[in-house]
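For reference, chains read A, B and C in written order, and residue numbers begin at 1 within each chain.
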Amino acid sequence: MTMTELAVASHRRRLVDKTLYAGNARSVMWRGWRVASRTHYGIMISGFFEPVFYLLSLGIGLGGLVGVVAAPDGREIPYAAFIAPALLATSAMNGAIYDSTWNVFFKLNYSKLYDGMLATRLGPLDVALGEIGIALARGAVYAGGFMIVMTVLGLNMSWWALAALPATVLIAFGFASLGMAVTSYMKTFQQMDWINFVLLPMFLLSATFYPLSVYPQLVQWFIQAMPLWHAVELVRSLTTGVVHLGLLWHVLYFTVLSVIGIRFTTARLRALFLT
Amino acid sequence: MSGSDLQHETGLQRQGGSPGQGTATVPTAQLAGLTLEDLRNRALRGGAKPRRYGTWYVAACKFRHQRTYIHTIIWTAIGTPLLYLMAMGLGLGSLVSANMGDEGISGVSYLVFVAPALLVTAAVSVGSEEMTYTILGGFKWNPIYFAMNAAPLAPVQIINGVVISVIARLTFVTTIYYGALLAFGASPSAWGWLTIPIGVLTSLGFNSLIMAYSASIEQDSGQIAMIMRFLVMPLTLFSGTFYPLETMPGYLQPIGWLSPLWHGAQLARSATYGLDESGLLIAGRIAYLVVLTAVGWIWAHRIAARRLNR
Amino acid sequence: MLRATDLVKTYGEKCAVDGIDFEVPAGESFGLLGPNGAGKSTTMRMVGAVSTRTSGELEILGLDPNDYGPEIRSQLGVVPQADNLDVDLRVRDNLLVYGRYFGLDRKIVARRADELLEFAQLSDRKTARVDDLSGGMKRRLTIARALINEPAMLLLDEPTTGLDPQARHILWDRLFQLKERGITLILTTHYMDEAEQLCDRLIVVDEGKIMAEGSPANLIRQYSSREVLEVRFGTEHNANAAKRLEGLGDRMELLPDRILIYAPDGETVLNQVIATGLEPITSLVRRSSLEDVFLRLTGRSLIE
């Protein structure tokens, strides 16, 4: 280790408690990558196909019935261009939630993976960031694939669509950190079922398939408090090219969500394993 | 020992020991003194009830399992129809009406068009849940089928008992769903209740083959997840559920023709709003679903018999 | 009670059980001893009337399992090698549900379940989850479950494999009590001490064939000497030492880590060894066991 590295390392240690963070989330991610690379390739690519199936079925078939809908700025756009960004945001959510809930739940309660990890120099924050990191990496690949499909189908209507990729990563980060925090409180499979009870309504109701305007005002406010609505709005604005400063509110929403989620997760992992 | 000496159905005198010195009585029949002939007769009597009612013993066990997640069963049964009818029927329906008029889909509103198909889809997805992981699990993670088979139950009875428990849950789910259809005014015809058996039959037609396959999985490397993602999910999306099959490009329509879900959805539409179909076509759809169910079911019997008889 | 004649089971090309004969009278405790893959478990499944034999004759309780599977199984208690308790159900519910598989009356099953939980020392765990039980507790619950139908014959496939010594002794005690009640026990094991403790009579099985048959004491007398001397000279020196020790005792076995010398009197042989000028690192004189019988019969150790 060179002098500068030492200096940086000791500086880092002063910043965060080293029992909390050993600065080695990479190794947790690397393990995740080793596991993923041995998983059945079909499972891996299915994560890409799911939103594509939805897009083809609903965009093409249902599009014929719905015709055109209003973009965020009031322009009329094809139905497929309306739901594609929503499906992108939803798949970012689903991937992140799956990786951070079922996967983490299993490792916490059955494979006891984290006991092993935390017995080394790794701290709970390494584990949390590493697990979320690998989930994000996978999600980003899927999102990239979906963006290509959208482009081929002519559903990306602006160069701003490129910004949708980092946006999905931020969205996934928010959902993953929240999901992990919630999972750390779960004890049984039955409790895990409740996650679906939250996800499905959010998926169906968050302006994914039709504009928010069909709801009464009160319901609109409620939906607008949900994270998926912010995700859909953000991505949809970017892919349809309706960019304005107001989008930063969505970014802020997910940044706050991520920070809170990570804090909770770290605190819980510490309480579960290090006390 | 003659027959009249035998007590209750085990036919044996129990010895009432005292649980002195902290040791428990050995809770078994006193066997000493029985001849082979006695034991043989005891066996012949012992096999009678399991042979006759074994299927129901298995079903009873599965009902107990279902009781451990009864909250999930009830809340998904109630929540799913409310959510889908609201989001798809009303929410999406408002977009469709704006474009096609209030009775734009072959003379009915989008809600009435989509509702019966949603009911059938819900039955199919509940069936997929109960007839895949549950079956594989019974051979693998929680190998109760081997335990049942070591008791006097036969493979055929095990599969049938499981299917009965699935039918029970499906009936519950579709009945609640039909109630929701009525509440949303989505079933104008008096024959709408037929969606209950139609939903159950479609789910069996769809899932019986999958059940047989699940029973055959020895090494779990995610095959069921693959089936869910590359078979169940796409079929749900491309089976004329959310829009008439004819709306899809011609080259995709054969997916629908093969899909039991499409046939079930069309049958359900005939029941709820009198979709105009000939009697022959309706009979054909029913026959298709029955054949699929029978083939999968019988195949599952064979696989279970082979797997349990090692 | 149980009679097998030229019993054969093949899986494709592989012959798991290759023509074995045995007969077990009622009330006997009968063991199948052999290494992993010897065909013990396959034999047990055929005796349990869940696996169809390829050829030969098999009669259980005077009935042919091919025709009377459910009847025979109604009189058996089966404790499989890997516990297959129903983990979705609680401890007591496991017994209740299993009892119903036999078509037994609910009330009778409920009463027996409580007695059996007492017998298995699990009364205070009635409502526990199966997954929360220790390995020994799960085994005892499995045995309790196997007794719910008051079986005439109990089949135990490697009943104590994977248990700690204390748990094994509790289990042996329970099995011994059952034996005293006249239940016929059929068990497989690759533990010598277990076979010696529990079996009246046993067959030694290897590669699907019976190598020897008799009571543990008789087998030891027939195939081994009264005592065994174990000496170690270190992994690299054992072979050379064995050459110099040839002729001592009745018989000698050279194993990778030690040399076994069979003799009626181990101490005398040990003195002879020392007299040759060799200095063993460790030496041990012990009574002959079934392990030695097996080694003699097959030239291999039981646990490898």
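Going forward, a contact is a pair of C-beta atoms (placed from the backbone, for glycine too) under 8 Å apart; a residue touches a chain by one contact, two chains touch by 3 or more.
Note that this is a predicted model, so its numbers are computed, not measured.
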- Note on the structure: Taking each chain's centre as the mean of its CA atoms, the one lying farthest from the centre of subunit B is chain C
- Query: In terms of Cα-based centroids, which chain occupies the most central position?
  - Reply: B
- Message: Per the definition at the top, count C-beta pairs in contact and tell me whether A-B or B-C has more.
- Response: B-C
- Task: Could you give the separation in Å between the centres of subunit A and subunit C, each centre being the mean of its C-alpha atoms?
- Result: 54
- Hey, how far is the Cα centre of subunit A from the one of subunit B, in Å? 34
- Message: From the mean C-alpha coordinate of subunit B to that of subunit C, what's the distance rounded to whole Å?
- Response: 41
- Item | Shared-contact residues (touching 2 or more other chains) in subunit B | 68
- Residue set of subunit C touching subunit B in the complex reads 1, 26-27, 42, 45, 48, 50-52, 61-63, 68-76, 78, 80, 82, 84-89, 93, 97-98, 100-105, 108, 112, 115-116, 118-119, 121, 145, 147, 149-152, 177-178, 180-184
- Residue set of subunit B touching subunit C in the complex reads 8-10, 12, 19, 24-34, 36-37, 39-40, 42-44, 46-51, 53-54, 57-58, 60-61, 64-65, 68, 142-144, 146-154, 308-310
- subunit B-touching residues of subunit A, taken from the complex the two chains share: 39-40, 42-43, 46, 49-50, 53-54, 56-58, 60-62, 64-69, 79, 190, 193, 197, 200-201, 204-205, 209-210, 214-215
- Task: Enumerate the contact residues on subunit B facing subunit A in the complex.
- Result: 68-69, 71-72, 75-76, 79, 83-84, 86-88, 90-92, 94-96, 99-100, 104-105, 110, 221-222, 225-226, 229-230, 233-234, 237-238, 242-243, 247-249
